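The two complexes that follow have chain A in common; it is paired with chain B in the first and with chain C in the second.
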Partner chain A sequence: MKQSVIIIGGGIAGMEAAASLARMGIEVTIVEKENALGGHLLQWDRLFPDRKRSDEVLEYLKKEMDSSISVETGCSVKEISRENGNFRIILDNEKILNGNALLLATGYDLFNARKKEEYGYGIYENVITSAELEGFLRKNPQPGLMKGFQVKRIGIIHCVGSRDEKVGNLYCSKLCCITAVKQAIEIREILPDVEVFCFYMDLRMFDRHFEEMYYEAQKKWGVHFIRGRLSEADENPDHTLILKVEDTLTGLPLKMTVDALILMVGMTPSAGTKKLADMAGALSGEDGFLMPSDEHLQPNETTVPGLFLTGAVKGPVSVGNTLADARAAALKIYEYFSRMAG
Partner chain B sequence: MKDFGYTINPDRQINYDQNSKEPVYWLETMEPSVNICISCGGCTATCSARQFTDFNIRKVHTLMMRGETHSLKKEIKKCMLCGKCQTVCPRGVNLRNLILSIHKILEFNNL
Partner chain C sequence: MKIEGKKRIWQDYQKEIADDSYFYVRSCVRQNFFPASEKIFLKILKEELFKDIYENASHTTCSGIGYHSDVVPFETTMTIIARQFALMTEAGYENFVSSCITSFGLYSEVLETWNHFPEVEDRIREHLLKATGRQFNKPKNLAHASDVIYKFRKEIGERGKFRLINCKSGKPLKGVEHIGCHYSKMFPSKGIGGAEYPYVLVGMIEEWGGEVIDYPERRHCCGFGFRQYLVKANRGYSIACSKKKFESMEPYHPDFILTNCPGCPMFLDRWQYAISEMEGKTYGPDGQGIPVLTYEELAGLILGYNPWDLGLQVHQVPVEPLLDKMGIPYNPETKFLGKNGEDLGRPEAPSFLHFYPETK
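Presenting the complex of A and B:
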């Protein structure tokens, strides 16, 4: 009999895992709460570090997906139960799905920047998030970012919702640094006369080509970096913003007016993940992301046989690494089935 | 009038809006490598002048980039142009030309 897997989450992790599993002859059903597959990638314009269009990645993933994969969009999981090692899932439209294994790929949510009230997101007109900038760039390569006046200077704030006990997130979202560098370059490309300042605590250029992109941002694009965390932003009557930081490398407080502020929002566990994890028996870490049974040796397995994890449900991860992790998860599910059969 | 000895301390804050952008413009033109500094402090750690004075070439660079030029004329005089900083810089910033350029810019603009 054909083995079957239910994948909860139709972002890139779910899509890639589904494609791999289907190629191994396994029956796959994806459950996605939104009306389309693709997750956060749908709102991204271009990816670091090579500036590949995210649409290109999405098209590739869609093309890869076999017609045998069934997809349930626009519905959420109401109930998960486990009987004789199999999973039974009831959706909110009362549909029942049965699977021999379950893969959680519910990803992440972007940090709600309103929680950092002192930065003025949702209060001041010209404070936007990194995701919103991607949206502008996606819609229009010549974004009319600001209304009514000439833009001269833009500030980019790193670590919004990351490394911050005040908002309950001690962890580093790790991808915002390189996103800031990428977006700073893109702003300089489109608006060459605009000064761009990145305000950072540390620059964590952890992956291949990231440091080189930072170097390029400095050397070719003249992006400025100031080490210091934004303490507060105030709005002027003309909707420009006054930033107050410590320039920690000179040891002096610094005041600067910018025309717009872009907040590099971090990644948080997605809203539904906790409930799903509790129903399925997966464990969460202190940061709220789910825990595999061993972060080195069993990164896709859990303590529940037949329950697997992939992608950003386990913590912040880039697109490329998500896809690699999804393929690994598919292989581990295949091996699990082989063991059960053998 | 009775003098109570109260004074107002001068503002120590870097006011980037008020600072002239001219010095940075000229510095970037005369020595483009100033933009690739990562503030690692290697230059300052090896600096001969640093051993005997409070000269901090890493900080001089940062202050110059912020347009904070008021103390720099006095500061850069402490440099002996030995060039050790340049040999340790991981980004290849031309630090001797940085000092010479700052000197010229400050002289020319009478800062």
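Presenting the complex of A and C:
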């Protein structure tokens, strides 16, 4: 009899794990709350560091998806129970799914920038998030970012909702720095006369080619990097914004007017993850992301036999690393079934 | 500015304000700065809204200025505050209303401290008992007096004789609102509207017909900032802070400034005079300043009280331009008469600020 896996979450982690499992001859069902697979990548334009179009990644994942994979979109999980080592899931449309293993791939939510009230998101006209800029770039890769007036300066704020005790997120979302560098370059490409200022705490260029991209942003594109955290933004009558920052390298307070502000929103545990984890028996860390049984040796396993984790449900992670983690999770599930079979 | 965004935030920061039966504590300094404000608050509560409000002559300072100046230890402050709660308990009240913003912030801080560290509360109870023989219940409801006026803003508006509308043009008067730092900056959830876009004064201005100005430096300090003023050598910072605000609000042509703190109206009012003397600069048209009001004074004007009974004659920035715009009658001849009709004498006219009644 074929072994079966239920994957909750149809973002890139869930899709890649499903494809890998199907290739191993395992029966897979994906449950996705949205109406389409793809997760956050559906809204994104290009990926760092090579500027690959996100659509290319999605196309690759869709092609990989075997026709044997069942997909339940537009529905949420109502109940998870475990009987005789197997998982039984009831969806909100009352459909019942049974699986020999369960893979949680519920990803992340973007930090709600409204929580940083002093930055004026949702209140000032020209404050947007990094995700909204991606959406804009996806649709309008042409000059003329702001309508009605000439844009001269754009500010990019790093660490919005990350490394911030005030909003309860002590962790680093780690991908916002490189996203800021990528987006700063893209703004300079499409609006060459616009000055771009990145306000950062640290620049955490942790992965291959990231540091080079940061240098490119400075040397080739003239992006300004100012070490200092935004204390507040205020709006002028013409909708330009006054930023108040302490430049911690010069030790001086800085006040600057920009035409638009882009907030690099961090990653937070997705809304339904805690409830799902509680139902399935997975443990959450203090940051709200789920905990594998061992972060070094068993990054995809949990303390519940047959329950696995993959992708950003465990914390902020890049697209490339998510796909690698999804393949690793699939392999671990295969090994689990092999052990069970004896 | 997207008003829907602000409304969303305002919805997040609402708090319960008791409906009646208040134990009221006065401020140390407000009766000198704005002598009628607290009296008017009591009058409005008792005679307009028919509420039960009680104060006790044994009430003392909360020690807030000493505490924030690092001369009174927190342990002492907590015991003093415990004594105020004991006075409330002995009088049979449960709803505590503070006139002072610093006190309100400190009461909030002490209650929050006791909430997190019950052993500290036990220790303070012991200190108070040993020192005074008193015991206390914590208030069921803690509010700032501006919260109470905010709560009854509709009733005050309905009973009012005047509105924040220019009687000649029919247009809303434009107001700058400035809350005290200790109202909600320490505990955003304790203030109506939170700390970044506070609503407590906005609600009053809007309800009474006016329009609120958003200007870039609206979050900036009024100029008091405790050490900026209390340390004499720092007073340049104090006036520089106020000046920064005036310069920022000036292009919006505000008709008045509304405040809810003891310090803010003092500094926003007095420093306008000082700046005019130092630089010849005034921030209203034709040598006028921008009148600065406490929320009680504004409520009193709305209700049609005599401006001189509200103590508006002791403001450094004359309020007559605002009274004229609102169509409020006043007698210039009685401006500097005491309550018993005695002539208190006229202050020396400023060099640049327009002075009423005209003397030059």
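Heads up, the rule we're going with is that the second predicted complex is superposed on the first by the 340 of 342 C-alpha atoms of A that agree within 3 Å, B and C clash if a C-alpha of one lies under 4 Å from a C-alpha of the other, contacts with A are read in each partner's own complex, and residues count from 1 in each chain.
Here is the rule we go by: a contact is a pair of C-beta atoms (placed from the backbone, for glycine too) under 8 Å apart; a residue touches a chain by one contact, two chains touch by 3 or more.
If you're wondering where the values come from, they're calculated on a predicted model, not measured in any experiment.
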Chain B and chain C placed together on chain A: clash or fit? fit
Using the superposition on chain A described above, determine whether A:218 touches chain B (first), chain C (second), both, or neither.
first
A:118 in the overlay: touching chain B, chain C, both, or neither? Say first, second, both or neither. second
| task | For A:252, select first, second, both or neither according to whether it touches chain B, chain C, the two together, or no partner. | result | first
Q. Looking at the overlay, does A:237 come into contact with chain B only (first), chain C only (second), both, or neither?
A. second
In the superposed arrangement, which partner chain does A:338 touch: chain B (first), chain C (second), both, or neither?
neither
Exercise for review: Quick one: classify A:227 as touching chain B (first), chain C (second), both or neither.
Suggested key: first
Least Cα-Cα separation in the three-chain superposition, chain B to chain C, whole Å, stands at 5
Chain A positions within both the chain B interface and the chain C interface are none
Touching chain B in the complex, chain A uses residues 215, 218-219, 222, 224, 227, 247, 249-250, 252-257
As the complex stands, chain C meets chain A at residues 1-2, 5-6, 8-9, 194-197, 214, 216-219, 251-252
Within the complex, chain A is touched by chain B residues 12-17, 28, 32, 35-37, 39, 58-59, 62-63, 65-66, 68, 91
Listed in rising order, the residues of chain A that touch chain C in the complex are 114, 117-118, 121-125, 232, 234-237, 242
